[in-house]
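Each structure below is given as structure tokens.
Both of the next two complexes hold subunit A, though its partner changes from subunit B to subunit C.
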Partner chain A sequence: MNIEKIINGTELTLIFEGRLDTNTSKQAEESIKDSIEGIQNITMDFGKLVYVSSAGLRVILSVQKKMNAVGGELVITNVNDVIMEVFEITGFSDMLTIK
Partner chain B sequence: MVKFIVPAEIEQLDKVLSFIDGMLDKSECSVKSKLQIDVAVEEIFVNIASYAYGNQKGNAEIEYQLNDNSAVITFTDSGEKYNPLERDEPDVTLSADEREIGGLGILMVRKSMDDIKYSYENGKNILTIYKSI
Partner chain C sequence: MITQENTELIYRNIIENMSDGVMVIGFNGVITYINEAAAEIIGMDKENLLNTKIAAVFFQYDENDALTQLLLDSVYDGTERNSGMVDYFDGTNKKKLYVTTAYLRNEEKEQKAVIVLLSDLTEIKKLEEEKDKITSTFGRYLSDDIVKSLLESPDGLALGGKKCDVTIMMTDLRGFTTISENMLPVDIITMLNNYLGEMVNIIDKYEGTVIEYIGDAILAVFGEPRHSACPEASAVACAIEMQNRMNIVNSFNRNNSFPPLEMGIGINSGVAVLGNIGSEKCTKYSVIGKNVNLCSRIEGYTVGGQILVSQSVKDKISVPLDIRGEVSILPKGIKIPLTVYDVASIGGDYGVGCTDDDTAILALVNDRVMVNLFKISSKHVSETPIVAKLTAISERRAEVSFFGTDEISEFSDFQLAAVSEDGTIVFTDVFCKSVCAGDGKALLHFTAVNNRLMKFVEKYKKM
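For the complex of A and B:
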């Protein structure tokens, strides 16, 4: 799984490619942790992400909580059908900002 | 019917998914169903690997069958007796700050599979998922 990062002032854009699952979520978490200092707005672009399991949801939830703690925002974009269904089943669609 | 036996360890997850994907490809499964089944298999296998045997080692048996255009996948382990379907569903209406992750895996399995059954026989936990492909 690949994460491309774009930092613009207090805005961080993360472009995910591949799968966010049990195997890759730890790497994703470390990678995000490295860049999150001083960030107020995060956009997670899921255009190239094909798969999310509960391990991936854990990472997304932890980023949402961090943004809530600093009064910032997390937005998720370009979510495919399968991942959108996962978000709906788990209530994440109500809890996250998805565009 | 094809059976795959692996040590119940998280490191085996890729092998399990490769096995299942191979079976699904032979059965000409749709991309969407395959992704949904992958999520279900991952959630179930990771739970067995994490909890069934505690600090001991043990195996997990994964059986694949195709019945009338439905994939039938059975997970068997000889670990601690546990029915994941008895667990309360997590409250999905809570806000991000109140949410926990526990129970999400099995919730995803229940909602995306056509059917799911559990039984305990001869000291083994047997969990079967059904998904039309």
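For the complex of A and C:
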């Protein structure tokens, strides 16, 4: 899985490509941890993401917690239909800011 | 009578009272229905779970990833059911659950729900693990074949045995009691366990079954419970390999400053009773019969490094056998002398021969050294020795010549003490078995040696 990072001041945009499963979730967590210093808002672009596993959901949730702690926000964009259904059935669609 | 009206009531009752958990997750991940059993499995009150988001219940701990993945899989896979054994952690207890999820989607895709079925298999899994542990522990104390035949056949555990044709092998470490007398208990066990481990591996390779250890002796059978084409040949090939392996065993002993070991093996075949002997309270899997006793007697005649087999064993082997010698024995309880054979190698498909030469070259002893031979009968050492002159010696054997008409019998055990011409004690506390006697001479094979003897031997080897 690929994660493209774009930093604009205190805004971090992460463009995901591929699958966010048990293995790649760890990779994602590490990658975000490296860049999170001084970041206020994160945008996760799921346009090229085809699959999210339960481990992936936990990573998303933990990133949101971190942003809330600094008074910032996590926004998820370009979610495809299947992943949207996953967000709905797990109740994540209510907990996350999805645009 | 089931009518349309009471159908719903009946089904609702069934689900309410089931021992398996049922949960329905509706729109936006909210638990819209949950039965008593599911609440109990999850470990929370039914009232607290109803209308709660599953994200709050199941996404806290990463132990529950496999469970939540099943929910996601039901969405990704659409109409298929997804099931699996998963771990569940409620913050305090860990459980093993069998979970099935099914995604319900109506035609307009407006109403969606996931049905979740939960079965708590924690207790069953625990019992399975305990059963495995017991079986493997059992397998450490009895060989796998015995465990298998005890547990898997319908009358496996019943008392009583069956009469069958088997080949019996008895091994013994020469002079073990004496050797171990000066060793620490922990060292004795280490040395013994290493030796037994090596030997049992070989017995297993040749489809033999270890019945029991009797101190440092091994009693094994071939032919039952594991079948082999020719158990007699398997036993002989096994014995030869075991003797050859003693080099490795003694190498281990040297590295750990343990004394060297020598093993004698006796093999006999014939009818014996194999089975569960004793009572319900105390049972032993064993082999009994006169052929087992005879095997033990035959083994008693061996010296270190030797394999003696009975006539019945020799007769059953069709592949070439290299026989070093024949010995006529009259064991206790037998009326006519029996011939047993000293086997060195076996051919054919078995193709294994003794690598160790038993007869090391004896160095001549020109000095006048007298040997006192104290005969040992029924573990009792005689007080009056027979005195002989030491004529030749090696690390393993000694040659003596007697005075006048003195003589000793073959296959007798002796304790030795040697004295030089000036009365100095050369060595004591050495044990041996006479392997050859006649014409005023005898060849003695050492069964227990010590450093003093070895120093003495070194002196004459250098000459």
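Following the convention adopted for this analysis, the second predicted complex is superposed on the first by the 99 of 99 C-alpha atoms of A that agree within 3 Å, B and C clash if a C-alpha of one lies under 4 Å from a C-alpha of the other, contacts with A are read in each partner's own complex, and residues count from 1 in each chain.
Note that in this section a contact is a pair of C-beta atoms (placed from the backbone, for glycine too) under 8 Å apart; a residue touches a chain by one contact, two chains touch by 3 or more.
Fair warning: this is a prediction, and the values are worked out from it, not measured in the lab.
Counted by residues of subunit A touched, the larger count belongs to B, out of subunit B and subunit C.
Using the contact criterion defined above for the overlaid structures, shared-chain residue A:Val50 touches subunit B, although it does not reach subunit C. Judged by the touch definition given at the top, the superposed model places A:Asp94 against both subunit B and subunit C. Of the two partner chains placed by the overlay, subunit B and subunit C both lie in contact with A:Val82. Contact with both subunit B and subunit C is seen for A:Thr22 once the two complexes are overlaid on the shared chain. In the superposition on chain A, A:Arg58 contacts both subunit B and subunit C. Overlap of the subunit B and subunit C contact sets on subunit A: residues 22, 51-55, 57-58, 61, 82, 85-86, 89-91, 94-95.
Only residues 10, 13-14, 32, 35-36, 38-39, 42-43, 46, 92-97, 99, 101, 104-105, 107-108, 111-112 of subunit B touch subunit A when the two sit together in their complex.
Residues 21-23, 50-55, 57-58, 61, 64-65, 68, 81-82, 85-86, 89-91, 94-96 of subunit A are the ones that touch subunit B when the two sit in their complex.
The part of subunit A that touches subunit C in the complex is made up of residues 22, 51-55, 57-58, 61, 82, 85-86, 88-95. Of all residues in subunit C, only 25, 27-30, 53-56, 59, 62, 64-66, 68-69, 71-72, 75-76, 103, 112, 114 touch subunit A in the complex they form.
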